[in-house]
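Which chain is which? They are A, B and C, in the order written, and residues in each are numbered from 1.
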């Protein structure tokens, strides 16, 4: 372990998280969600799809639920990592090895993102394959939707890991969930309150620091039959997410380093 | 009875001491409070919105607390090995489970009391009316529903891992009303076997939506409170299912090597 | 505290993130497409729509269900209200069924009636605990003002939800016309392509001018003219050039209601020009708008009459 490259150590930490996820039988949760989805498919078969709009509606709902389930699992997994290791004192032998705090956090992050992405792929595939496509949808948009979904999971994992070194676990879970699902409504609400006044511009600027997960959710755009985002805008989305990752890692590593272990 | 009460007290104290319950309560109170600060066009008499948001937040937060607290009780006892000294005392497994259930219900009531206090303060501030009889019945029925959910979580936590137990209980709670609409819709389209299966499903799986009085409480100005015979039937229903789940938990508990 | 280079760079980049965030607008596409009324109605009136109740992915669908339930005092019927009529005229009318008091087929309740419910005692308990009334009884329609906070929340969450602005303003204009105007102005700023909002704002301003007894009637008239002109200008831009009134089903984003209101906006713009501007300009406007609609009886007659009176 002494001459480990940063890539190797990050890989090993992440592998540990995935193995732990399997050991704790969290895969059950995925199976439960999959069973719920398949029951939904069965019901759709029985009730039938009366028109193309309803087909699109169900496709939208299925993909949204897949994305939601993936986010839930990612939040729960990421928020638990560091508190769990601290509580069980398993963090000490890990950090005694030549691994930097940043590598440790990065390793945790990619594994949590991968676990969430697995849920997204499995449930998304069940939803996508089981609904007959009665309206026209863009395949390129589907690819962008999936990529944006994974980017969103990466962002939520980074935010939850940062939260886990700052606040208690339960509060972290609740706050991260609120940011993911209600963050954009909250910023919209705040901006509407000051709209038209001198505070509008600074408020818009400040609220833009809150990660906007709505921008990373392209499911409705896909099911509305809209074409893919222009390459420039999609690239901007990737850069936006990368900057948030960077800021979360930098802050987590700083707080983590200052924390007494 | 003393043993049950002592165990229940332990669960309640643990719940009140842990920070999680306050995180849930704090966020819920903040959400309810945020609604109070919104000036909806300076209109008066729009209490249904406030009631609905408050009741939804209360119901979800209470269910989340009850499910997590209940699902954690037994695995934690095994994990920390605190079950062994407990079982060495003259406490039966049934008393142990009943004590745990009472503790979870008291913690649930603790949450509901905080929420209701915040809600009532907000209502007085907004100069709205509270349909007290319906609200009291709402709280009582929530407790009955939580008794079923908590006992189910006990049982699931004995046969599955903790996360799976929490997830199934949460899905079951959240999907209750959809499930109810679903069965009534698909019933006419099924063949005879399907109809038998669905009828069995309705009578075997607890129907949580029949405890949800929130819609009447929201539109409470025009709906009378429930009659006593209805409350009585719902109480009996909850007792039967909680009893069954306690029985299943007891069975799994007995089979588990201590 | 020691910062590594990457940490300084990351935090510096984050400081500038609002600049980048403003350029990403993946869901800012044509709002009318998302708010396709026919599609909205068809999916929400389907059995799946009713089963899912309030569990919806989109706010527009949520609003559909919430409005139905609130207007029936909490009783969940199978969706049947004509939301389009509600948004355009503020009317609570049935879509396909009778309303329970005229002998027509009545919409069933989501919780079935005892004679159609196979669940026995469970169904009976559900009917007692949830707001329920016999679907054969006449429906009780309550005031929509209780829904206003939901519409406010919906427009905050989705500022491109034109229908929410419309229905919200309809209910608000009775008790609070000035606030209704402000609400519509906010909607106009967020939806510059929606002519219905300035059209409705024009009507409210016109009503205010009628009621006005404090001498600001002229101001309201000027507002109304501005709103109707704006609405008519948007109609010219947005109305499908090949729109065929005999086959509205070929134009899902431009319903019959929309066409009716588009013509209404144009006519009001001409009337106000005639009454408070110049006859010549009114004639020019009427001719131009009539051309856009490929002929409009009311506008054509108006041109004729105005021409005669100008001579």
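Following the convention adopted for this analysis, a contact is a pair of C-beta atoms (placed from the backbone, for glycine too) under 8 Å apart; a residue touches a chain by one contact, two chains touch by 3 or more.
What you see is a predicted model, and the numbers here were worked out from it, not measured in a lab.
Undergrad: Going by average Cα coordinates, which chain is farthest removed from chain A?
TA: The most remote chain is C.
Undergrad: Which chain would you call central, comparing Cα centres to the global Cα centre?
TA: Central chain is A.
Undergrad: Where the CA atoms of chain A average out and where those of chain B average out, how many Å apart are those spots?
TA: Computed value for the inter-centroid distance: 29 Å.
Undergrad: What is the distance in Å between the mean C-alpha positions of chain B and chain C?
TA: 39
Undergrad: Measuring centre to centre with CA averages, how many angstrom lie between chain A and chain C?
TA: Spacing between the chain centres: roughly 34 Å.
Undergrad: Which positions in chain C touch two or more other chains at once?
TA: 47, 51-52
Undergrad: Can you list the residues of chain A that touch 2 or more other chains?
TA: Counting only residues that touch two or more other chains, chain A contributes 43, 47.
Undergrad: Could you tell me which residues belong to chain B and also touch two or more other chains?
TA: Those would be 182, 185.
Undergrad: What part of chain C is in contact with chain A in the complex they form?
TA: It comes out as residues 1, 3-4, 6-7, 9-11, 13-14, 17-18, 20-27, 29, 33-34, 38-40, 42-43, 46-49, 51-52, 56-58, 61, 153, 156-157, 159, 186.
Undergrad: Please name which positions on chain C make contact with chain B in the complex.
TA: Interface residues on the chain C side: 47, 50-53, 55, 69-70, 73-74, 110-112, 117-119, 121-123, 125-126, 128-131, 142, 145-146, 148-150, 152, 172, 175-176, 179, 183.
Undergrad: Note which residues of chain A are touching chain B in the complex, please.
TA: 24-26, 28-29, 32-33, 36, 43, 46-47, 76, 168-171, 174-175, 178
Undergrad: Quick one: which bits of chain B touch chain A in the complex? Just the residue numbers, please.
TA: Residue list for chain B touching chain A: 19-20, 23-24, 26-27, 160-161, 163-164, 167-168, 171, 175, 182, 185-186, 189-190.
Undergrad: Under the stated contact criterion, what part of chain A meets chain C in this complex?
TA: For chain A paired with chain C, touching residues are 43-44, 47, 49-51, 53-54, 56-58, 60-61, 64, 102, 148, 184-185, 188-189, 192, 195, 204-206, 208-209, 212, 214-215, 217-221, 224, 226, 229, 233, 236-237, 239-240, 243-244, 246-247, 249-251, 253-254, 258.
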